[in-house]
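Shared between the two complexes below is subunit A, which has subunit B as its partner in the first and subunit C in the second.
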Partner chain A sequence: MKFQIPIGPQHPALKEPISLRMTVEGEVIRDADIRLGYNHRGLEKLAEDKTWIQNIYLTERICGICSHSHATCYVQGVEKLMEIVPPKRGLYIRYLVSELERIHSHLLWLGVAGHEAGFDSFFMYTWRDREIVMDLLELISGNRVHYAINTLGGVRRDIDEGQKAKILEGIITLRKRSEYYFHIGANEPSFVARLAGVGLLTKEQAVSLCAVGPMARASGITRDVRKEDPYAVYDEMDFEVGTAESCDVLGRVVVRVKELLESYKLCEQILHKLPAGDIVVKAPRKAKPNEAVSRYEAPRGENIHYIKSNGSDKPERLKVRAPTLANYPATVEMLKNGFIADIPLIFAAIDPCICCAERTVSLVNIRSGEETVVRLSDLRRQAIERHKNAPPKRNAVWPF
Partner chain B sequence: MTDVELIENIKRDLGAKALEVTNPDRRRIFLKVGPADLVPAVTVLRDRYDCRYLATISGVDKGEMFEILYHFASPAANINVRTEIPKASPHVESISPTIPGAVLYERELQDMFGMVIDHIPDPRPLVLPDDWPAANYPLRKDWKFERPQEIIPGGKS
Partner chain C sequence: MAVLRTILYLVVYPGLLFLFIYSTFCEWFDRKVYARLQNRMGPTHTGRFGLLQPIADFVKLLAKEDVVPEAADKRLFSLLPIFGLAVVSTAGLLLPVWNFDLAAPGPTSFSGDIIVLLYLLSLPTLILFLAAWASTNIFSTIGGSRVLTMLFGYEVPLFLSVLSPAILANSWRLAEIAAFYQKKPLLILPNLLGFLVAVIAVQAKLERTPFDIPHAETEIVGGTFTEYSGKKLALFRLMMDIEMVVSAGLLAAVFLGGFPGGALIGFVSFVIKTLFVIFLLALLRAMTSRIRIDQVVTFAWKYLAPLAVLQLLIVILLKGILP
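This part shows the complex of A and B:
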């Protein structure tokens, strides 16, 4: 007897709108179907009406977690079209932000994996440590989410010695913490028992279904654009591609922790080798008719942009493929013959970013009125004052 | 294998099927084939050049013609197979039997450009909503978005 159960588009286990239709036989999933489009914003069409510069900020808003990935992928391609070469220092800063972003994204994912596996203290630990890297990103760019550091021909902000020292200091702490997570991920018996053998994706399946990123690497494929097709600064760096052979969710945890440790190495190398000089060159307003394929290793896998110019100040075509979309066919295979209780875990293991895959634009209206800028220290002071003046709470009474 | 050697080999293996091979940048190869030769060419690339990983498929509206680019990535290079089909009869053969991971991108082409992918294993719409009006293909150049008039029941007060 087979039943079909719908999960999503609005479901407590999934944070973003996507619909999964599961055909189940008892507790076992026999078939899965994914329906997309609940979040489609038509960004590729919109990009054709915006100038090269405006599109940086548009592509940055494809995703809220890997915002720098899309902007960098776009900027790399447009710089090829415009035939400009950014100065070395600018490139180093750009890819420093890339690596810091990978660290924050992987720490976020580790927390989600811990949460879905019912190991909430792991979730709280990793998200606490994620604040360190978020603060570092804020230190460099002024923002925690959309860093807006890229521009055509380089980056918009330089870093000084003080910032450099602070980043290195933060990385030392993060490395210590990540080694501890690696230890837990590989040794904590209940965590390992929950993750091992769940969501199997064999190497053959991963190859034929074109899986990308940590999903593919956990199935033993050593494909990483940074190594395979080294862009910008990566051919000057020493790092390894983290892989695992276990083909399950545990392997995906291991791969991401290995990548964290490699990213710390990369950040330190970038900071130690940081050359002196300019951070940006002037970019022309228009690009000659041409085309470029730009590849970038985002935290979730390969990100590819195809950009075609027509001689004007706007692109003729901008095609964006986010890594999550590439991982959907493989996800269906992973869900098959699994249990209903494993759905959130398997689905979370691809680190899905629905809004990436559907490339939409969400706009938030701020209610009109006066806007004031409050400094963080003032805000903290206000919070403390408010807390002091709040009426005292009665002590909770134990009901029995 | 360098790009030059790779291009030589591809030209030799594909023969007359390869209409044009260009190498605009390091590790970027653009190969043009006719729409009828697409599946055989992709099969050759998959079997002899390790192009089993399809990164994505891009469609471009060029006025009278549609251009389709299949972006393959092998460890040696990024090989982009290009083909052109007329807009009046936009039929192209599915490569999903050869490359199973291609099906989502082919469905996206059907949605956004109104191309007809023959023998596609799963022809349902991918991203457009169920109540999307027929024969509206958003990424065609002649399609313009007009925001519908906002009607508030009872009017603004």
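This part shows the complex of A and C:
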């Protein structure tokens, strides 16, 4: 017997609204369908109304976890457009925050993976240790979530010797804990039984479906913007791209823990090499008409911002391609022929950031299943017509 | 007078009131151990050391809105929590804590009571399945089918492992089994394997991690309990708590030598031994992650059932050797 189960838009496994519809036979998924648009906020349009500086704070709010990723990606692009080069010290601090953010994001993800697998002890431990890195971020920037450290042409706050010592101290603790998690993730029998062989994505599939970030790396592809197209400080650093060959959720756990260890290495290198000098140069108010593409390796994968300027103090167009969006096609493939029990794990394995990926709204006709993308003005006209003609319906039927 | 005693027996001690208080205490203990193992505090606020937290939760749930879905089988939906609570409370009366006196057996101690107890402990599983089915929600239905699938996995190993000490003691009466092992405490040792199997099977019966599959919140929302709310959910939760106490009591009576020493000392040893079993269950809960339904059945038939049969074999051989 085939039937459809709705996962979302509201579901305990999802922290953000998205709709996954699974056609299942018993416990086995035969087909999957992802529907987006529950969290669309019109950020790209809003960016066109704000100045270059204001947009830093807007892009930072695209996401709560990888806030620094979006802001940095945007700032990199704008700096290209304005043809300014930030001073070395500023860059070092900027990418130190980047790496700390990666650490906090991966620790958070490890906890979420543990929770989705029903391993709450793992969740409690990783989230406790995540507090260390959150405190370090607060120490540097004054904030725990939206660090607001970036500005055009550098960063807004310097770090001193005391802070440096504290960060190094925190990283030693974190490294010790991460090695322990690596041990648990690879050895706890019930955890491994739950993750191994789940959500298979072969190397060929990962390439053809354009998977990015830890997803691609867990399928054995060495794809990392920091290494392939080193931006800013990364060509001066010594680090490796963590990969796994197992192509499953376990591989994605392994890749993320490896990346954690690499990030600790990076943080230490950045702090030891931290050059003296200014942290910021003055940026012009306007940018010449031009366009720029900025690539950035966010914790979840490659983040792309396309920015077009028209000579004014505002962007003409800002296009955001968040890593989560790039991973959706692969997710649908991975869900097929899996178990219901594996849905949260497979979906969580891409580390979905739904609000990052919401760039458009599509309307679905519940009865016919037809999907359309409409303009806001059409939507308004439709709504007015509907309310004119039909009285409010009582006893509305739940569509599923 | 006899009527009054019976009423007290059923309602106060060891009936509903005692079971309610003791099971909420056990829930507190379980939560506290689980929390400490996870580096958390656990309940601290309500009552001293948060002791009253489970009761507060129960009362809070009682006060909540009670929704019965339109499409549900309303009578069944409403009756099942009460029925489940009645079944596990009846099972509680059969424990040999209050039936310690072999010479003057109470009305709830008879030959074959271990079978009745196991039967009464199987019923909640069926009640959960019926509850899931009656609520007609799609998540409940999946939860209900998972409840039954799991039953096929753990029930046989549980029965085999619990009955083998009884075979060694040559009795189907809990009080006699306990008395046998009190006389020959060394014979507890050959049953340790069965104890291990039984603890895992009880963990599965109580639907706790790694076997909390029927109500895995990240997969199927509330699973069996998706549509339950308010009073009915409170009763179901109380049912699960009492089931935990009774199962722990059963394991303690059969594998850990029962509760010697009359009413008072026997009661103290009952508390200590059940808390020990619950501690093991909490440890298991903290150390593992939820496994998949097919993995449960495979695990049960590949490892648990053969181990239980091995235990049975050991007992039969031992019986041949012993005088």
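By definition in this document, the second predicted complex is superposed on the first by the 358 of 400 C-alpha atoms of A that agree within 3 Å, B and C clash if a C-alpha of one lies under 4 Å from a C-alpha of the other, contacts with A are read in each partner's own complex, and residues count from 1 in each chain.
The criterion applied here is as follows: a residue touches a chain if its C-beta (ideal position, glycine included) is under 8 Å from a C-beta of that chain, and two chains touch if they have at least 3 such contacts.
What you are looking at is a predicted structure, and each value in this text was computed from that prediction instead of being measured.
In the overlaid three-chain picture, which partner chain does A:A193 touch, first (subunit B) or second (subunit C), both, or neither?
The second partner, subunit C, only.
Identify the partner contact of A:K288: answer first if only subunit B is touched, second if only subunit C is, both if each is, neither if none is.
Neither partner.
So in the superposed three-chain picture, is A:A326 touching just subunit B, just subunit C, both, or none of them (first/second/both/neither)?
A:A326 sits against subunit B, while subunit C stays out of touch.
Tell me which partner A:C210 touches in the superposition: subunit B (first), subunit C (second), both or neither.
First partner only, subunit B.
Have a look at where A:F3 lands relative to subunit B and subunit C in the superposition and call it first, second, both or neither.
A:F3 sits against subunit C, while subunit B stays out of touch.
Just to be sure I follow: which residues of subunit A are touched by subunit B in one complex and then by subunit C in the other one?
Comparing the two interfaces on subunit A, one with subunit B and one with subunit C, no residues are shared.
Across the complex, what residues on subunit C touch subunit A?
Its residues touching subunit A are 37-40, 138-139, 142, 209-210, 212-213, 216-221, 286-295.
Which subunit A residues qualify as touching subunit B in the complex?
Interface residues on subunit A, with respect to subunit B: 36-37, 40, 42, 44-45, 80, 207-211, 223, 228-229, 290-293, 295, 302, 304, 306, 308, 316-317, 319, 321, 325-326, 328-330, 358.
Contact residues on subunit A for subunit C in the complex?
Contacts found on subunit A: 3, 5, 11-13, 27, 114-122, 124-125, 128, 188, 190-191, 193-194, 339-344, 400.
Provide the residue numbers of subunit B that touch subunit A in the complex, in ascending order.
Residues in contact with subunit A: 24-25, 27-28, 30, 52-56, 58-61, 69, 71, 73, 75, 78, 80, 99-105, 112, 125-129, 138-139, 143, 145.
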